[in-house]
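The structures considered in this document are given below.
There are two complexes below, and they share chain A, which is joined by chain B in the first and by chain C in the second.
Our next item is the complex of A and B:
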């Protein structure tokens, strides 16, 4: 494939894979509660994930070292083990929520029983990851997720207040009704930041770079894909905030289910809009389910020094393959037990915030280190942004649990 | 070979992580076990208000044929689980200090939403429910008023 085609597909894949069930529910709900006031968090979180995925991708291209190998080297065995456990709990929670989300979407499309669809979803994921090459998984689900562009089109036809939307990108004291609302605003800011900067994205992105056999010559491609692909992906998040503000807020609906999001597309484009929205959400959630299951397997294998990678035959990387199979099976069993996948999303987002600094600190340290990275070490801009976001996510991590308690789990 | 200093540092970091995780789990359990107050009642009412508005929106979309009946029924089925959970939460809520007039007003509305969302699953239920979609808007509006009263206490 030519470089240009590779670049184009990489950008589209990054864009289509940007949104998952946690981000969908928090952006819509945040928009419904606070209008455009949280848009600056979306922009900030997007810049943060760009900065750290670019660094992790660059380290993968230069040293062929994935994130968890760095975490173990930099943090030491015990702390790395604790990070591994926390990261993989978050991965499993997110994977569980995505599997539940896929079954909910299939139920909306078919009307079939939810539990039967959960089993079907598990079988679907096992078959897809077993048989599909890595590149195909990335492309099919990333490109399929692009169908969520229907939400951008829906916002366009709603005729939003563009001035108010633009003002939302500027951080300022929130206009809220009392201190309780202020706390809820802070909780949504934290949750939105976390849902955009979910740690699995960095694990998967760096491991994917190694799977795709990136070399130092691919650093520019990495940078371009991250900036343009994630930047365009953020447009989807912005559109979801706008739908929350323009559609659900005035109707006094706080969206919690994937079907609720689809109602907004149906209101603008009828049955066709509904179908495209459901299909887009299916690809986005399914892509995230696969990425989280694989991320868990990457993390464990890289930590333990096992052979890993989708490019290897499952028998050649047996323990790696068993780990992602276990993630799908356990995730399915958790939602089969009757636990609401949307509740699982909330917990996964709060846990993720706590894991974020421990994931990103070693990446920053290695990317800063000239002895390791040579001429490809972080420049001044990357260093400044890297430290800024490390401080920001540490503050976010410290605030997450108190805010969760004070806002009754983000309910008010 | 790891040095004593490295081992101590690793142990310290591991302890910090474990403390953070235990704090996260403990706080979630604490949140779910706390006795209810007016704030919790307001949250419960707000949840029901949102669900009533969502049901009305779904039924109206079905009546306008902008969603197909299969979607409307399945979405109502998914919504029913959340409505039942919210209704049970309100039923079992022992608010301190007690707010009987507010709870007494909210409880029948919760039952009304639950009945409507379950009625959609009955044969021909979607058509009759869609015809009565405006009723859910009234329920949502009444819950909205209760929510405002609780907020302004």
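Our next item is the complex of A and C:
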């Protein structure tokens, strides 16, 4: 497999960020409500996450510096502590939701009781992360998540309105019914942007690059992995918007349950389509659960200067290992209390947007710094894009919570 | 003759990762201790642990932090610092400086599990 196998880090990161349980329901719901009008946000968010993951991956390859150690070094202790707390609450909420999502998928496939499946999901994650090397986690869950391509195939066979879809990529005033609907559109735009640029993707991606022992010579590989991995994730997002617009919108279905998404594949390809869609969703949700649990452990270890990494034996990175174990156990206990995983993730998406500027600012500062990065520092294009997206996410962060309140969490 | 390298303690040392003689991460520089000498103030040690960072956070956070983590801190004499780059490298092992003890303890506990 060689270097090509590195692609799975990008695919796993993108799957865990783009098509986890929150974004799956969110994107479908956005498509059902507003048709293709939000596609430009998907494109913008994808470019943003590509720009920042490329930068974080480059810093990791050149200096072996993970994101949270940069956050503490550049933002100072107190601001970094606040970012750590917020980032790890988001990680835990998302991990909780994904564990619930995996149990829901298993329930749809087996009909077994949900709570028993939650315990089984926890055991599954603990065993997988304990026994499986990092590169195999990347490969299995990255490759498995590719089954989600069934949604792209479903859109293709639906014969969508390609002209309307293409027009959706151009930002323009939304066609909405009244000011409340306008606010709802703004809320969906902000939440979609946030869910695509989720901060844990950057933490996981840069730490994963260090786990995979990237070196300065891997900079072009990093660029390739980001473009292909995240491009694929974005293509899936576009397909989900299209399914919302072409399948659920006209039938007046609000696809707020993760399993609903599989109906679109079932309608096109029958039982086989349903099975592939559910299996793809299982791998994507499970990948996101692992990504968020490990991200929480990476963040804490990098903030506190503990030994970290899946490439180390658990006994060589004791507190790091204990942190990801705790994330799975606490996440399972939270979701067993009866909380709806989709609600959990809605809160985590809105909450995470506030963390974004604090995460991306230090990455940009270090990647810009020639004293640290030498010839691999940001060029003009990376600088311009970096500042543009920093301003964009700051505006998004300021708008997120007022919009969440005004729209009653997207319920209009 | 090359001029001595100028070190910005805030930018190059504080909040940087400490790595021991075996290349193992063993904490962050949570604070820096100075002593008064006849030639003026001089760096005496790197301070690591809650007892060091609690003085740097707002008082409410410090109260909660102390309740959760205690006030322990380890002082690493400046003489052990051999390199200041992206990380602060020491010439001694973490265990000899009383660094990373909790990690070692958790590690011993995890070592009882299979494939650890």
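In this section, the second predicted complex is superposed on the first by the 394 of 412 C-alpha atoms of A that agree within 3 Å, B and C clash if a C-alpha of one lies under 4 Å from a C-alpha of the other, contacts with A are read in each partner's own complex, and residues count from 1 in each chain.
Rule of thumb we're sticking to: contacts are C-beta pairs under 8 Å (C-beta built on N, C-alpha and C of every residue); 3 or more make two chains touch, one makes a residue touch a chain.
From a predicted model like this one, the values you see are computed outputs, not experimental measurements.
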_First, second, both or neither for A:58, with chain B first and chain C second_ = neither
Comparing chain B and chain C in the superposed model, the one touching more of chain A is B
Q) Given the touch rule stated above, what does A:81 touch, chain B (first), chain C (second), both, or neither? A) both
Checklist entry - Can A:313 be said to touch chain B (first), chain C (second), both, or neither? => result second
Original post:
In the superposed arrangement, which partner chain does A:72 touch: chain B (first), chain C (second), both, or neither?
Top reply: second
Examine A:401 and indicate which partner it touches, taking first as chain B and second as chain C; both and neither are also allowed. first
Once the structures are superposed on A, label A:108 by its partner contacts, choosing first (chain B), second (chain C), both or neither.
-> first
Given the touch rule stated above, what does A:409 touch, chain B (first), chain C (second), both, or neither? first
Dual-contact residues of chain A (chain B, chain C) 76-78, 81
In the complex, chain A touches chain C at residues 63-65, 69, 72-73, 76-78, 80-81, 130-131, 301, 303-308, 313-319, 321-322, 372
Touching chain A in the complex, chain B uses residues 2, 6-7, 9-11, 13-14, 17-18, 20-21, 23-24, 27-28, 30-32, 39-40, 42-43, 46-47, 49-50, 53-54, 57-58, 61, 65-68, 70-71, 73-75, 77-79, 81-82, 85, 140, 144, 151
Residue positions on chain A within touch of chain B in the complex are 75-79, 81-83, 86, 104, 107-111, 114, 177-178, 180, 251-257, 259-260, 262-263, 266-267, 270-271, 274, 278, 340, 347, 350-351, 354, 358, 397, 401, 404-405, 408-409, 411-412
The residues of chain C that touch chain A in their complex are 15-18, 24-28, 30, 48, 53, 56-58, 61, 86, 100, 102-111, 113, 115-116
